[in-house]
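Chain nomenclature is as follows: A, B, C, D and E, assigned in order of appearance, with residue numbering initiated at 1 for each chain independently.
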Amino acid sequence: MPDTALETRGLTKAFGGFRAVRGLDLKVRRHAIHALIGPNGAGKTTVFNLLTKVHVPTEGQILYEGADITREASAAIARRGLVRSFQISAIFPNLSVRDNVRVALQRRLGTQFQFWRSGRTLTVLDEEAMRLLAEVGLAEAADARAADLSYGRKRTLEIATTLALDPPFLLLDEPTQGMAIEDVDRIKRLIRRIARGRTILMVEHNMSVVADLCDTITVLQRGEILAEGPYAAVSTDPAVRAAYLGGGHA
Amino acid sequence: MSDITLQAFMAQLTIGLIGGCFYAMLSMGLAIIFRLLNIINFTHGAQFMMAAFLAWIGLTQVGPWLGQPDLQVNFWLALVLAPALVAVFGMAIERTLLRRLYHLDHLYGLLLTFGVALVMEGGFRYVFGVSGQGYEPPEVLQGPVDVGFMLLPKYRVFVVAASLLICLSTWYLFERTKLGAYLRAGTENPRLLQAFGINVPVMITLTYGFGVALAGIAGVLAAPIMQITPLMGGSLLNIVFAVVVIGGLGSILGAMLTGLGLGLIEGLTKVVYPEASTVVVFVIMALALLLRPAGLFGREA
Amino acid sequence: MSNKTLFAALVALLVLVPLVPGLIYPIFVMKVMAYGLFACAFNLLLGFTGLVSFAHAAFLGTAGYVTGALMIRFGAHPLGVPAAFAAGVAAAALVGFAIGGLAIRRRGIYFAMITLALSQIVYFLAVQFRWTGGEDGLQGIPRGTLLGLVDLSSDTAMYYVALALFAAGFLFIDRVVHSPFGQILQAVRDNEARAVSLGYDAARFQLLAFVLSAALAGYAGALKALVFGLVSLNDVSLHTSTEVVLMTLLGGVGTLFGPLVGAALVVGLQNYLATIGDLVTVVIGLIFILCVSFFRRGVVGEWLHWRHRRAARAARPLPEPEHPPVAEAA
Amino acid sequence: ADTISDGVVKVGILNDLSGIYSDFTGRGSAVAAQIAIDEMGAKVLGAPVELVAADHQNKPDIAANLAREWFDQGKVDMIADFPTSSTALAVMEIAKQKNRVTMLSAGVAMAAITDKCSPLSAQWMVNTYALAAGTAKALLKAGRKSWYFVTADYTFGHSLEKDAAAVVEAEGGKVLGVSRHPFPGGDFSSYMLKAQSTGAQVIALANAGSDTINAVKQAAEYGIGRTDKQVIAPLLTYITDVKSLGLAKAQDMYLTEAFYWDYDDRSRAFAEKYFSKMKRMPSASQAAVYSAVLSYLKAIEAAGTDEAGAVMKQLRAMTIDDAVIRNGKLRADGALVHDLLLLQVKKPAESKRDWDFYHVKAVLKGDDVYPKPSDACPLNAKG
Amino acid sequence: MPETVLETRGLQAWYGESHVLHGIDLTVREGECVTLIGRNGAGRTTTLRAILGLTDRRAGSVRVRGQEAIRLPPHRIARLGLGYCPEERGVYRTLTTRENLTLLPRLGEGGLPLDEVLALFPNLAERADSYGGRLSGGEQQMLALGRILTTGARILLLDEITEGLAPVIVEALGRAVALLKGRGFTIVLVEQNFHFARHLADRHYVVEHGRIAAEIAAHEVAAREEEVGRLLGV
C-alpha cells in the first residue's frame, strides 16, 4: 500500500482570470495530521472545495488512495471516506443534537433509500450517537434542538457528526474557529484521539493548535506552496514569518 | 409552412414582438418583486387585470357614477392613474398582509398572493361579469401605419415603443444606480441592511409598489388590445412564470430579453403549429432547464 | 392518544358509515377519502422536503386517465381492477419522475414554478390525446369486480374496498415518514449542503420523495376514477393542484392528520358553496388569506401546538413536535 | 299523488354560477326555470314543483357528485343546463343509472346525441352541427365559397369546424386553411392575419366566448373582415358576447342562434318577464331552460307520472312550440329538432335600444340544419 | 469625565420564546474601548444585536447619546451613529467588494475615505471588483470591518473581528483598532481572543448566562488574572 493517502498533481483553479490555486502538488501521508496554513485568501478553502468537488478543478488531478477522483461528484467522494467539516457551522438546525449525529451514523446501515422500513431499525444507532456526543462533551444537550446551541457548541456538534461517519480521511476547515479556550483544548485533545488510524488535513489559523497537533505543515501563499515541513522548520522560515505569522510568534 | 412569404413572416414576427412586450413588462415586475421580497407574486395577473379595469372604469363609468356623463378619464391619464392606484392597493396589501410573512418560508407569501388574486378575480367577476368590456385606443393612435411589410395599427407601434422604454429604464434603475445596489443588498440580508441605517421596510413596500405598477402599466396598455375580463391576467401569468424561470429568476435583464424572445417564438409557433403555441413556452423552459439549470441569465447560486 | 389509536378509531367510525343510513352520505365520504389521500401525498412532499409542487394534479389525473381507460377496455377481466390500478399508479410515478427530474435542478421557489409550468404540458397532452377524451373526459368507467369475487358496482362494496385502500395508503405514508429514508429526508430539508457533505446525494432523496408523492397522488387518482367512474381535464388542471395546497394548508402542513381534515373541509365547502354560486372564488381566496395570515399551522397544527404549549407549561422540558411545520426560516 | 315520486317534482339547475360560462347560463338559467314553474302554477298533478340550483364550477366530478346526491337524497327528478360537455356527459351517465331525466339546455356537444346518447336525455337548445350548418349554408348561398377556419383546439371547436367544413365542401365551396389555437387563445392577430392573407371570403370562428370576442376585436383592429370580399362568421355566439364586443366591432357578422328575444311577440313577452327580474335579456340557453322545464312539466301532466321513461316518451310524442322553441320534435337520440334563426348583427346606427342587436335574416327549418341521426347512437338503430 | 455615549439598563432579549438576555447593564463613554468577554453562548453577540434592535423582542433601556432607543426601529438606531460588524460577517455576496464598501449610508462626519480603508486592508484593494460571496473568509472579515469605517459612525460594535484571520492580519487589526481609538472612536468589542483584547481595552465586561458577571478595568486585569481565567473557563 502506498504511503500517500491523498495527492494532488498540478491542481489549479481559476475564477475567471483570477487563479486562486496554482499548480499545487500536495501529498498527504496516511495517518498524518497535516495542516494547511497561509494568509487570508491564499486558497486554503478553495483547495478544500476542490477536494470535495464544491468547485471543479480547472486543471490537474486529485488522487485518493491511488484512485483518480478528479471527476467524481461530491457525495461520491464523501462515500469514499473523504469527509469535510465547514468553515461556517453546518448542522441540521431543526433536528435534535442526537439526531444530528444519528443522521451521519445512518450511512453505515446503508438503508437510507429504504422508505418501506420502520424507523425503529434506527434505534440501534442511539448508543453510538451518545458515545460520540459524550466524547465531545455534548451528552447533556442530546435532546436540545441543534439550532438552540451557541455558535461554539454548534461547531463541536459538527465535528461529532463528521466523526460519526468514521471517515478514514478528514478535512477540517478551521475546527477551532470561534471557540473559547476551554473548547479549543477539548477539540485539540479530540482531534489527537481521533487521528489514530485516520488521516487529517486541516486548515487552521490558531498556531497553538497547529504547533501541538500537526506532523506536516504546508504554507500556501497566493495559491502556491511557500514552505512545507514540520512546525519547527516552517515557523522559523523568514518568508513564512513575513507573509503569515508576523512578529508575535516565536 | 412553405407558402409563407417574407412579408407575412415579418408581419408575424412583429405581432410576436408585441406579445413579447407584455411578457417582458410582466416578468420584469415579477422578477423585481421576487428579488427583494422573495415572493412569487401570484397577484401579478390580477393586478394587471385590475389596471385594465380601472382604465375602463375611468373612461366609461366614473362620469355616470358622479352624475356627470361627460367626465372621462382618458387613456393618457389612465396610463398614469391606474398603475398608481394598483400600486397603492398593492402596497396596502404588502403593509397589512405580506409583511407579516417575511420571516417565514416563502411558500406562505406565494399562497397569500394566490388568495388575494382569487378574491380580486372573484370580486371583479361578481361586479362586472365574465364576458368583458371593450376599450378604444386614444384617437391619435387609431388607424394603421404602414411599416413597409404590413399595415400595423398605430396603437401597437406605440405599445412596443412604450414598453421597451419602460423596460430599459427599469433595468437601468435596478442594475446601474446606487438605489439598485441597496435593493440588491436588501435582497440578501434585509435585517442587516436596516442595522446599517436604511429604512428597509419602506424600501420593500416601494419596491413592491413599483413591481406592481409595472403590471399595472402593462394592464392599461393591454386594455385596448384584449377584451377586459376578470380572467385576462390569470391565463397570462403561467406563461410569465415560465419566462421568468427561463430568464433566471431575479435577473431583470434576463426577464426582459426572455420575455421578448418568447413572444417571438410564440408568434412563430402560431403560424407553424398553432396548437402548441401556449405549450411551446413550457417546452422551451424544460429544454432550458436541461441545458442551463440556472436560467439563461441567472447567476449560479 | 397515539396516532395509531387515533387512526384506528377513525377507521372504525368510517366502517359504520354505510351501516347507519342517513349518518353521512357514503359517496361523500369516499370523495373525502380520495382527496384526503391526495392531500396526504402532497403533504409527504411539502411537509417533509419543503418542496412545493404545483404539478400534483398531473399525477392524480394521469393515474385516473390510465386506470379509467384500462377499466373501460378490460374492466370485465377478474384481474382488471388491480391491474388497472397498478398501471395508474405506475404511470403517475413515471410522470412524477419526469417532472421531478427536471424541476429538481432548481430549488425553492423556482421548483414550484417549474412544476407549475411542466404540469401545463401534461394538461396539453390530456387535451390532445384521443384516449383521454379531450375536453369531454372519460365517463362511465366501470367499477368491475374485485378478483372476480366482489362486484364493486354496489356502492357499499365499493365503499369498503375504498376504505381498505385508503387505510393502506395512509399507513404507508406514515411508514415512509418514519422510515430511515424519512429521517434523511428531514436532514436534507434542514441543511442540504451538510447532508451532501455527509455523503447523501440530496437531489436523489428529494427526487425519490417526489416520485413517491406522485405515485401516492396517482393512487388517490386511480381510486377516484374507480369510485366516481369519471376522469376529466379538471383532474389535471392547475386548479386541482392549488386545491390540494389549500387542503394541506388548511389542515396543517407536516402533520399526519392535517391533510385529511383539510380535504374534508374543502370537499365539504365545495359541496356547500355549490349553492351560493357567484362568490365561490372569493370565499376560497379569503380562506387562503385568513389561513396564511392567522392560522398558519392549520386546524390540526394549531391544535397540536396548543397541546404542546399546555404540556410545556405543565412540565418542562418542551416535547419536540413530531413533525416540525414548514421551516420558519429566520 | 303516488304517481309522483316522493310527492314532489323537483327540478335541478346545474351550471356555472361563477366561471367563464356564467354570463349566458348562471343565475339567469334558474330565473328562467322559475318563470316556467310559475307559469304552471308551481304544481303538476297536484304535487308541488320545486327548484334547486347549484354551481358545478365547470368540474365534472362536482357536477356528478351533486347530481348523485340530488338523485339519491334530494328528491330531484330532472336536471337541466350544463354549459360544458364534460359536465353534461358525466351527469347524463349518472341519470341513466338512477333513472332520471337530463335536459341539456346549454350543452351543445354532438357526443350527447351520438356515441354517448341516452334515452333519458334531451339536447334542448341546439348542437354544434346545426349551428355550423346553419351559418355555412346561408353564407354559401350568398356566394361565399372560400373559407378559412380559426378553431379552438378542443372537441367542440373541432366539431364546429368539421361540420361546417363538410357543408362547405358539399355545397361546392373550398376550405383554404385552418388555424387551431389553444384555449384560451390570447392574442388572435396572428391567426387573423394569416386568415386574411389567404384571401378567404369567410373567416369562420370555430370557437366561443372570450376567444371569439378577442378574435373579432383584434380583427377589427387590423381592419380584417371589414370588406365585402371577406366577412367574419362566428359559429357559436351568444347575445352576451355581442353585448360585450359592442356593435361597432361586431357589426355585419352572420351567426346562427336558437333564440333571439326580439323575434316575435311571444318571444318578447317571455323576454320582458325575464328582463324585469334580471335587468338583461335572456341568452339562448337561458331561454332554452325555460322551454325545457315548461315542456318537462307539461309532459308529466300529460303522462300522469314523473317516471323518467314515461316522461321522455311523452316528450317525444309532443310537438314543442312555446315562446322559445318552434316546431320542435324530440328525436330518439335526444336531439330536439326545431327552427333556428339566421341573424346578422346590426350597425350601431340601426340599433334602437340596448339589446337590439340583430336583424333576423332567415328562419332555418330544423330538418335542413340538424344532422341526420347518427349510427353511433344505439337508440337510432332501434328506432 | 467624557460623556456617556451608550448605555443599557436592564436590557433583556428573546429569540422566539427563548429568553437569552436577563438584564444587561453597560456604560460606555466617548472614546472608550470596552470588551464583552465570556464563554460561548453567554450572550455577547445577543447583547450587540439587542442594542441594534435585531433580536425578535427586547425590553429594558438602551440610550445612545442620551436618547432612548428601545422603541426605535433598527435603521433609526443606526442613524444615531452606531456601526455594526456582525459575527457572521454579513458581506453582501452579490455586490462587489467596492459596492460593499460604498454601499452604507453616511451616518456622521469623519468617515474614512475609501483609499484609506483599502490601504488598511490591501487584500481588499486587490479584490475590489470581486463579488463579496467570492472572497475568502478572512477577506470577508476585513470587508465587514472596512465598510463601517466609511460611514462616519463613531460608535463601533465589533463582533469577533479576529475570527479566522491570519496572525499577521490580527496584528494589523490590533493596530487598526488602536488607531481608531486614537481618533476618538468609541468601540465595543466582543472577543474570544483575550490576548488580542486585553491590550486594547479600557474595561472588560464579563458576560455570563445573559447577565454581566463582572466588570474589570484594564489596570485590574493583572491583579484579577485568576478571576478572569475562571470566568472565561480557561
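Odds and ends about this structure:
Operating definition for what follows: a residue touches a chain if its C-beta (ideal position, glycine included) is under 8 Å from a C-beta of that chain, and two chains touch if they have at least 3 such contacts.
Bear in mind that the values here come from a model prediction, so they are computed numbers and not experimental data.
Chains that count as touching both chain A and chain C, per the definition above, do not exist in this structure.
Of all chain pairs, the one linked by the largest number of contacting C-beta pairs is B-C. Centroid distances built from C-alpha atoms place D farthest away from chain A.
Taking each chain's centre as the mean of its C-alpha atoms, chain A lies 29 Å from chain E. One simple way to say how far apart two chains are is to compare their mean CA positions; for chain A and chain B this gives 48 Å. In terms of their C-alpha centroids, the spacing between chain A and chain D amounts to 74 Å. With centres defined as mean CA coordinates, chain D is found 36 Å away from chain B. Counting partners per residue, chain D has 18, 22, 153, 182 as the residues that reach two or more other chains. In chain A, no residue touches two or more other chains. Here the chains touching each other pair up as A-C, A-E, B-C, B-D, B-E, C-D. Of all the residues in chain A, the ones that touch chain C in their complex are 52, 73-75, 78-79, 83-84, 86, 90-96, 99, 102-104, 106-107, 109, 111-119, 121-122, 143, 145, 161-162, 165.
Interface residues of chain A facing chain E in the complex, by the touch rule stated above, are 15, 18, 37-46, 87-88, 148-153, 174, 177-183, 205, 207, 243-249. Contact residues of chain D toward chain B in the complex are 18-23, 153, 179-182, 184, 186-187, 189-191, 193-194, 197, 209-210, 213-214, 217-218, 221-223, 240-241, 243-246, 249.
The residues of chain B lying in touch with chain C in their complex are 34, 38, 40, 97, 100-101, 103-108, 110-112, 114-123, 125-126, 238, 241-242, 244-245, 249, 275-276, 278-279, 281-283, 285-286, 289-290, 293-294. Across the complex, chain B meets chain D through its residues 8, 11-12, 15-16, 18-19, 122, 125, 129-134, 144, 150-151, 153, 155-156, 225-227, 229, 231, 235-236, 267, 270-271, 274-279.
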